[in-house]
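Take a look at the structure below.
The letters A, B, C and D name the chains in turn, as written, and every chain counts its residues from 1.
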Amino acid sequence: MAEKGDESLIIVMGPGATPEDVAHVIERLEEIGAQAHVSEGQFRTVIGAIGDRDQIQQLPWEAMPGVERAVPVLKPFKFVSRDFQAEDSVVEVGGASIGGGRFAPIAGPCAVESRDQLFASAAAVAEAGAAILRGDAFKPRTSPYSFQGLEEKGLELLAEAREEFGLPFVAEAVDPRDVGLLSSYADIIRVGTRNMANFTLLSELGRQSRPVLLKRGFTATIEEWLNAAEYIYKEGNHQVILVERGIRTFETASRNTLDITAVPILRGLSHLPVLVDPSHSGGKRELVAPLARVAAAVGADGMMVDVHPTPDTAQVDGAQALLPEEFEEMMDTVRRIAAAVGRRA
Amino acid sequence: MAEKGDESLIIVMGPGATPEDVAHVIERLEEIGAQAHVSEGQFRTVIGAIGDRDQIQQLPWEAMPGVERAVPVLKPFKFVSRDFQAEDSVVEVGGASIGGGRFAPIAGPCAVESRDQLFASAAAVAEAGAAILRGDAFKPRTSPYSFQGLEEKGLELLAEAREEFGLPFVAEAVDPRDVGLLSSYADIIRVGTRNMANFTLLSELGRQSRPVLLKRGFTATIEEWLNAAEYIYKEGNHQVILVERGIRTFETASRNTLDITAVPILRGLSHLPVLVDPSHSGGKRELVAPLARVAAAVGADGMMVDVHPTPDTAQVDGAQALLPEEFEEMMDTVRRIAAAVGRRA
Amino acid sequence: MAEKGDESLIIVMGPGATPEDVAHVIERLEEIGAQAHVSEGQFRTVIGAIGDRDQIQQLPWEAMPGVERAVPVLKPFKFVSRDFQAEDSVVEVGGASIGGGRFAPIAGPCAVESRDQLFASAAAVAEAGAAILRGDAFKPRTSPYSFQGLEEKGLELLAEAREEFGLPFVAEAVDPRDVGLLSSYADIIRVGTRNMANFTLLSELGRQSRPVLLKRGFTATIEEWLNAAEYIYKEGNHQVILVERGIRTFETASRNTLDITAVPILRGLSHLPVLVDPSHSGGKRELVAPLARVAAAVGADGMMVDVHPTPDTAQVDGAQALLPEEFEEMMDTVRRIAAAVGRRA
Amino acid sequence: MAEKGDESLIIVMGPGATPEDVAHVIERLEEIGAQAHVSEGQFRTVIGAIGDRDQIQQLPWEAMPGVERAVPVLKPFKFVSRDFQAEDSVVEVGGASIGGGRFAPIAGPCAVESRDQLFASAAAVAEAGAAILRGDAFKPRTSPYSFQGLEEKGLELLAEAREEFGLPFVAEAVDPRDVGLLSSYADIIRVGTRNMANFTLLSELGRQSRPVLLKRGFTATIEEWLNAAEYIYKEGNHQVILVERGIRTFETASRNTLDITAVPILRGLSHLPVLVDPSHSGGKRELVAPLARVAAAVGADGMMVDVHPTPDTAQVDGAQALLPEEFEEMMDTVRRIAAAVGRRA
């Protein structure tokens, strides 16, 4: 974890910087209570800034005369970093665990549409070995005219399915005012990709006790994603699970580009568990099984998959939902790959 | 505006599609109350779907057997489209107007930090001909450890500055629960780039009466941006102003890439006024003046610029803030360019 | 494969299109010897264009009055498409084969630097089960001041290593004038990511008989990549192998973003073998093993890995090269995963 | 310009780096003849590397134990940089000049298709005040089945048009083997966006005497683009002109996203003249005039515009070509804006 005493910014002065330029930088640092450690090289001066990282990085160093570059040397997130906690975090929920050598499959319909649809899907995924049920009652949609979810009625159906099939469930929150409602029903609360940078929602989720499954913003860098996790963690809720779900790139052959490299990168940067969503990244049914195999092979802690009894009539994202029998078949191969990398699925 | 009776999706069947495949598509359309208009070409069949656009586009057509491609032929937004309203919208606020042949400069500090800082900036921009004052009291920050704004105290200072300098002001809302507070102080409420897809915030803003200045998400397409505007508009608030502020690309030489092409594209698609933010897209002081000239030349309805009396000590985004005298000098050239394209600045 | 008689473009007229607009489109089609198949829908007219695809798609349909959208319904590539050849292509070279149920590891140093360096690397990868040796004699470098390769001397060393270790080798061509030289030494000729759209180089490679390993341009879409393969194939060289190596995105935590989804997408679109390069996409040593596991799991036909005896002194891309012992250890897990998906490594 | 004696890399050691880690870094530097300037901070050690920049930056510092970050402090390009030459370069060609306070319009058809087409376009643009004629005889096309140009016949027609209308002309080279032919006909040789990183073509162009107009790769960073210019410059040809033509982003409403911010950034980094291409970036006729105004306002040295007498029948890029009368009308406004920023058009 970042200590107050560390150098948190290295300010490299240009070859033409004057002594006044150097003095100006030192003065600005002292104004905010930071210390300057000055090293004069043969051709350029380098200033290490020691003090409160956030205050230091806030000032516009590169706009100051004589400054060539200002290089942050500490990450902006703290509690979620591997430096703060060396061992992997494990989230335990309703008999299931995420992290700690397991490969946890989460499965179910994208949106809860009806009791029949939910129960058919839940029965199938329970049978095929899913650890946790997914299903949303609130859907944030790009168009205001699309189906927005069954709301509280949907949560009630999910709670019924939990009783019936013995699976804890995860559902999405889209409004800070609904967090209380969600946490009274769901076992895990999900933050969708469009809300990853909704800081008021994140803070609210940090102040309740359900684990939070934080999907990556489809346009967020890994650093921004860990900053979002930090918003939850620093409020006191340490049960945060990350889900890679694809990023927006120039390629349009798939809906998004699954950034599978993010998983080993996160392993190095953070102690939080990491899942992969093979359904929403590709956006097409035939891509789900290959991407699920990839999730197991890379060493993720699990995956989240859309399964729908009749995808052709799904109100949300049917094009990518697996049929129950497809999910079951896929799980066989996924288990063999998880075993090859030393995990139980 | 999209009429119910229009074909809203063209479903192109592949050359190998069977009569059963065609029948399956027609059946799915009829299930949702839509009509199918079938044209048999020499080698492939094309089906025009007529009915409720949102219901039709929801189904996973491209995952159905025999379907080669499904082409939406109506835009998902309605009220904000040029088809719905041919003439340009004009927003009138506190004596200023945005749209209608003016080039409106909005200027002031990024964040309100103190009475002195705000008043120094406001005095300067009023003197140099700004139409509206900017300044934020709530700041959504990527890192939870950065300065988050003065909150209500900041709004009070802005209201004082309005009295003193005779300029209406715009300030940002970051939480649906603060919308009431904002609308009791501010003349215009701004939605920042990170909240463009925060649909609960947008809906709340649609249900109050202050004009809304909607910044483009830095990773949003133009279509997603107009959908966000539609969320506000359809709730009853028709005073929506768009602000292009740069998008995230692979280029890192500037903070973001100003998408200046978006302005003429929006002119074709929508009747809403469009501004440009030359400060936040480039992220560097020396880029502000060239990009402000570009805003005037392309035919935008105005611009929004950060001006700070002492940028070196700014708590937010000082690297890109202009000094008051730089703003004044820049306005001269901007006025000449606006005149060359037939606008008054 | 695209037949001349197929409809290759669907032109959707807008709801306000006049009969003159429709007539104008038909006239333009007839001018280039194409036929128009007109279907009048209830609200809009759809015109299917039948004739030479390339001539048809060349005209600026969407700029013509009354046209709302023009939708291409045939892919621009032909011979490399799955439609043209249903069964997978297999490339046989010097006792090794790529495609056809194998998972072929290609390994060796990025650039040939010296006899010692090359032989140490080749001995190690041969021992660990590599099928083919890699090593470049010509390096296209972003900066004109970086090391550009040993040129013909490098090819001679590679040929020696082939004798010594019994492995065929692949080396890169960067200039159409060097193709003859390359094909007199190498078993496979590689096109690097920066030359994927160098059409004169591709055509030259299509006119010689060595198999060609075509890396994806790091900013190329899958469709552009298959078009590049078509340039080689249509000249008569049918031994083309594709290599996914990461694309440029906004994420900077890894050098590029490995687009693993491209592999199953290519399986659907093309009959060509597909490899993955886990070294150049991530750009860091610790990412190579996870990405190699991913390559095996997704069902690629092999991978290409940088192995260097002393990465710290490598002149090109040392940061991502594996030590020989790391490669050997990694191969164990990769073999188990390949077996889980039904392939021999 | 980068001096040998300058520190060209700042190596920041992590807080946990051991004395052995520091010694290892120093040893590696000494092996390549570089010097290390070590500054021990309170918590971390910073090493300035002095010596040959290219050799130094080649080694994999960040992969070495104890190294936290390696920060290059000199740009990889030299001769094209503003540090090397403070005053703006001006290219003089056939009576026209690019750079030096002018705004030079280059205009004509995208591809030369016939004598009639070329002459109709050339007559119109000469009349409307174009300084230079454009027209290509060799076209690199994404699909091998598209029109590839009239080749030498096209160059002959361009030379005839030069006689007739008194305008020098620019044409594209796509193969290093054609450079001799091109330089025997054309006044300026253009490198297209797909060939910006074709280093063998660039080097060939650096060894002949015609000015080179280097379009930005649509996926190239500004730094990569200046490196490409350096390839030409360092071979002895100092007449290099840069053309911004839009970059590939996630936005699909326009063909590419014009990166207008690149113009003021290049002004700071380089002394080379910079033009803007408003035709190819937007890809639609109605976007050309707004983007041409933007080019004049931002302070570019000119623009390059497609003009075609009958765009509907153009074999290449007709959708974006202006009619002669549209070009003429647009030039009026462009001249007024150029005057407002102190340039003659």
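Just so we're on the same page, a contact is a pair of C-beta atoms (placed from the backbone, for glycine too) under 8 Å apart; a residue touches a chain by one contact, two chains touch by 3 or more.
It should be emphasised that the depicted structure is a prediction, and the values quoted were computed from it without experimental measurement.
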Open item on the list: With centres defined by CA atoms only, which chain is the most remote from subunit C?
Closed with: B
Open item on the list: Applying the document's contact definition, name the chain pair with more C-beta pairs in contact, B-C or A-C.
Closed with: A-C
TODO: Between subunit A and subunit B, tell me the centre distance in angstrom, where each centre is the average of that chain's C-alpha atoms.
DONE: 27
Task: CA centroid of subunit B to CA centroid of subunit C, Å - done: 39
Task: subunit A-subunit C separation of Cα centroids, rounded to whole Å - done: 31
TODO: Please list all residues of subunit D that touch 2 or more other chains.
DONE: 219, 248-250, 252
Task: Complex contacts: residues of subunit B adjacent to subunit A - done: 28, 31, 53-54, 58-60, 62-64, 76-78, 140-147, 174-177, 194-195, 197-200, 203, 217-219, 224, 227, 230-231, 234, 248, 284-285, 311-320
Task: Complex contact set, residues of subunit B against subunit D - done: 219, 221-223, 247, 249-254, 257-265, 268, 281-282, 286-287, 290-291, 293-294, 296-299, 333, 336-337, 340-341
- [ ] Going by the contact rule at the top, pick out the subunit D residues touching subunit A in the complex.
- [x] 3, 5-7, 10, 12, 15, 37, 39, 41-44, 46, 48, 50, 68-69, 71, 73, 219, 248-250, 252
